[in-house]
Amino acid sequence: MTTKIRVAVAGAAGRMGKEVVKMVLEDAELELAAAINRSGEGTDAGTLVGLPACGIKVQSDLELALVESKAQVLVDFTTPQFAYKNTELAIRLGVAPVVGTTGFTPEQIEDLDKQCKSKGIGGLIAPNFSIGAILMMKFAAQAAKHFPNLEIIEYHGDQKLDAPSGTAVKTAELIAQNREELRQGNPNEEETIDGARGGYYNGFRIHSVRLPGVFAQQEVIFGGFGQTLKIRHDSYERAGYMPGVALAVKKVMEYQGMVYGFEHFID
Amino acid sequence: MTTKIRVAVAGAAGRMGKEVVKMVLEDAELELAAAINRSGEGTDAGTLVGLPACGIKVQSDLELALVESKAQVLVDFTTPQFAYKNTELAIRLGVAPVVGTTGFTPEQIEDLDKQCKSKGIGGLIAPNFSIGAILMMKFAAQAAKHFPNLEIIEYHGDQKLDAPSGTAVKTAELIAQNREELRQGNPNEEETIDGARGGYYNGFRIHSVRLPGVFAQQEVIFGGFGQTLKIRHDSYERAGYMPGVALAVKKVMEYQGMVYGFEHFID
Amino acid sequence: MTTKIRVAVAGAAGRMGKEVVKMVLEDAELELAAAINRSGEGTDAGTLVGLPACGIKVQSDLELALVESKAQVLVDFTTPQFAYKNTELAIRLGVAPVVGTTGFTPEQIEDLDKQCKSKGIGGLIAPNFSIGAILMMKFAAQAAKHFPNLEIIEYHGDQKLDAPSGTAVKTAELIAQNREELRQGNPNEEETIDGARGGYYNGFRIHSVRLPGVFAQQEVIFGGFGQTLKIRHDSYERAGYMPGVALAVKKVMEYQGMVYGFEHFID
Amino acid sequence: MTTKIRVAVAGAAGRMGKEVVKMVLEDAELELAAAINRSGEGTDAGTLVGLPACGIKVQSDLELALVESKAQVLVDFTTPQFAYKNTELAIRLGVAPVVGTTGFTPEQIEDLDKQCKSKGIGGLIAPNFSIGAILMMKFAAQAAKHFPNLEIIEYHGDQKLDAPSGTAVKTAELIAQNREELRQGNPNEEETIDGARGGYYNGFRIHSVRLPGVFAQQEVIFGGFGQTLKIRHDSYERAGYMPGVALAVKKVMEYQGMVYGFEHFID
């Protein structure tokens, strides 16, 4: 019989944190060791997420929680201002950090990498835990070697502020690494309505669709002589990231040093 | 037994004209009466289109051809500079014109309408003979009454000069007639790459994708609370317009006056 | 200023009922008059659905609730065993019923129609309140007149018991009414794996995909010479039905007699 | 300056053979050395495919053609009954074979492999030269490691005899190698129309759509918690296979031994 991995969750009462608590409670290989949140101290973590009480109460002191609970992994979905400090603390206590918060500088990541290595533990910082999105990006980058003509269309809810999405830009960067710059299309092309041809990146185009009812979708279309290849990922809800977080928690135990990007955990 | 409709084809050696000749020769309800083209006189029209010889030779004099052949319908896929004259001539001879050439002014159309009516015959001028494209436009216009949030994505070959396509603009106009102007999206939306959000039309967006291997495709996406409705037309080749031309030739016999737009022939 | 429509909700604590209560509380043209449920009496209806308290308590006696609240419309998402009785009661009290429960016999519907008419009120019984799904069915039926070759692909969650879905069968029936029976495909076609060609209906095929992560999606694909036309509806969550219920509540006030099928409320 | 690769084409007057001749004439790195066909001897190969005359006449004796032309590669799109003999002959003459004909037994392939190796040349036998289709299969097999729930939908013209298509079966086999058998769906699932759930393969389902206007398309859909990943390949015409044949001709020069399956030439 394998022992369960003991997981602490920081930011447990936030939107993502709640999903993580729920996932840990329902995953047979994981055990909720501690739930940390600035507010809501004393609430049962199970009750907090709409499940039966589980006996683990929300705590506000992260250090105390990690020490007392003998947590092996800390999943942190707090905010950029707290994440760095939390991560350093976890490493110091020998707890492997899995961080879903963005905003770390390259220097910070390098520093955390050294700390992890000196403690002999692994860690992960990842802006995106969606296995499907990671595969879409990987496949798109591979396909670009064979099909240099491509466009990206991404779909998000109509209240999103920025266009294109972070995932679209990340996909575009990965594609650009696998494809020599090529200005696609007719050199004399004209837009009769400005912007119809989308945003220009490295010779190809990115189109951002914004509609109510859509959560997050992206399609990369490759066009060749007599054929098109499409790779599409549709994300329907926040809970869709949880299988990725579960996988990360299990895999981080096998690593040494701080890994940046969940794609490194996926074959 | 019904008599076949006698069809003359002007511009018979052009790309569309050849498809029309082929279609007429293969349609059991139609009979090729004459094939007219400026060059290539004397070639058998069947041979011209890769079918067995049919006994109809290409002629260069339209008037002579229409009179001698007793044609009932003239299908004209010539060029804007000839189409008007050809159409007037056909009407004068009592031959119903079905014209696939663009570039007529509203005044010309009105004039041709009067001429048709005084001769008691029907006529059709249509920029698009694709039944599927017409249905896509009709359905999109209807859906817009219920789903005011929408975007149009159109796909064409990578050498196309203009963006958006004529069909996309026509679709947008029809939608705008069925929908009060509404500026979609977040008012504070920002493009980090110019043009990512596409071309603006009446509050919604049009995206033009250009890729090798694509002939002509268009999707209209409607987003509502918890749902999306998509209407998509994929056109794979020029021959795909022929069922529409065949239908037009048959239906024009039942009309009086000049109709503008093939959509009026479709329920 | 227009007066708000006073709406009572039966089955208020059920999955659909809760969504209805929420929708009524958030729609500026509607007012929650009463919330009826067999259990949970005394709970505030707002609290029940995760909104601020609204002052309307859940009641268990439908007759009392309708009389005291002066409701104008009763939305009923209970179960087949209660829906008929509830609907009769509502009509007797002059309250227009909007019923989302299935299982009424044609005789019952006819009977309820007479009762509505004698009271001078309207009513609606509808198995599906999704505006997008209704439009998909309407468009598919129209398109079938022009494109007799088609197939239906429907997608639902992997735990769904029956295949094809009710919506797919309804769509197929509507299409069959607009299309002469035509056995599509090669007459000598062979399946090397049984069932690969899908379910046979009136000469065309229905394919049922079942995958985790999918809520309810359907695509009707029409194939013609050189082209395909696709009409697709993706439903992401139960809440997606609410704009339809809201529309039904507003429109039922203009009708006399019992209408069967929400499509009759959509142009 | 690199020397052009000298290519002979067997079956040059067939549907695929003509496309190959055209491709070779238009590819700057390739040179048409010989065109072989049982009938049509003496016709210029350029004229045969609708291009200007190229000075290479169709010949009927393969051995003579290969010897005289000093061909380096033989592209063979003949029929199973001739392909084996042709391939042996090519190898004996030191000409690398690229074979698009199916029907070789495993023993024959092994034998040809030995012959290639003893001559120090490479060879390729491939049922499918579509780069896009190969990538679709590769990506699908990789994705199946992470998403064990999937279905395949393939689309072909309505006169196709067999269902599912060879490509769908090949894809299914590759997926099965990367995924433990898992019976998807609800164990109590019921088909109210036989075959609605598609063909069963290793626990997942294959659906075959047959519609006029479609050439060859396939989509593999993976469903996970809150997300779907789709990999789709649309093939519009026979010419779409030519970039793959061109790549094969160039790559075969770098190999030793007979390779089975074009996927081995693609990274």
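A few notes on this one:
Order of writing sets the labels: A, B, C and D. Residues in every chain begin at 1.
Please note the rule applied: a residue touches a chain if its C-beta (ideal position, glycine included) is under 8 Å from a C-beta of that chain, and two chains touch if they have at least 3 such contacts.
For clarity, every value in this text was computed on a predicted model and none was experimentally measured.
Steps from chain A to chain C, minimised over paths through touching chains, total 1. Of all residue numbers seen at the chain A-chain D contact, over half occur in both copies; the interface is built from largely matching residues. Relative to chain C, the chain whose mean Cα position lies farthest away is D.
Taking each chain's centre as the average of its CA atoms, chain B and chain D sit 37 Å apart. Inter-chain spacing, taken between the CA centroids of chain B and chain C, is 38 Å. Spacing of chain A relative to chain B, judged by their CA centroids, is 48 angstrom. Within chain C, the positions touching two or more other chains are listed as 213, 222, 224-228, 236, 240.
Contact topology of the protein chains: fully connected, every pair of chains touching. Chain contact summary for the complex, chain B toward chain C: residues 130-133, 135-136, 139, 142-143, 145-147, 222, 224-243, 266-267. On the chain D side of its complex with chain B, the touching residues are 213, 215, 236, 240. Against chain B, the residues of chain A that register as touching in their complex are 149-151, 153, 155, 158-164, 169, 184-186, 188-201, 205-214, 221-228.
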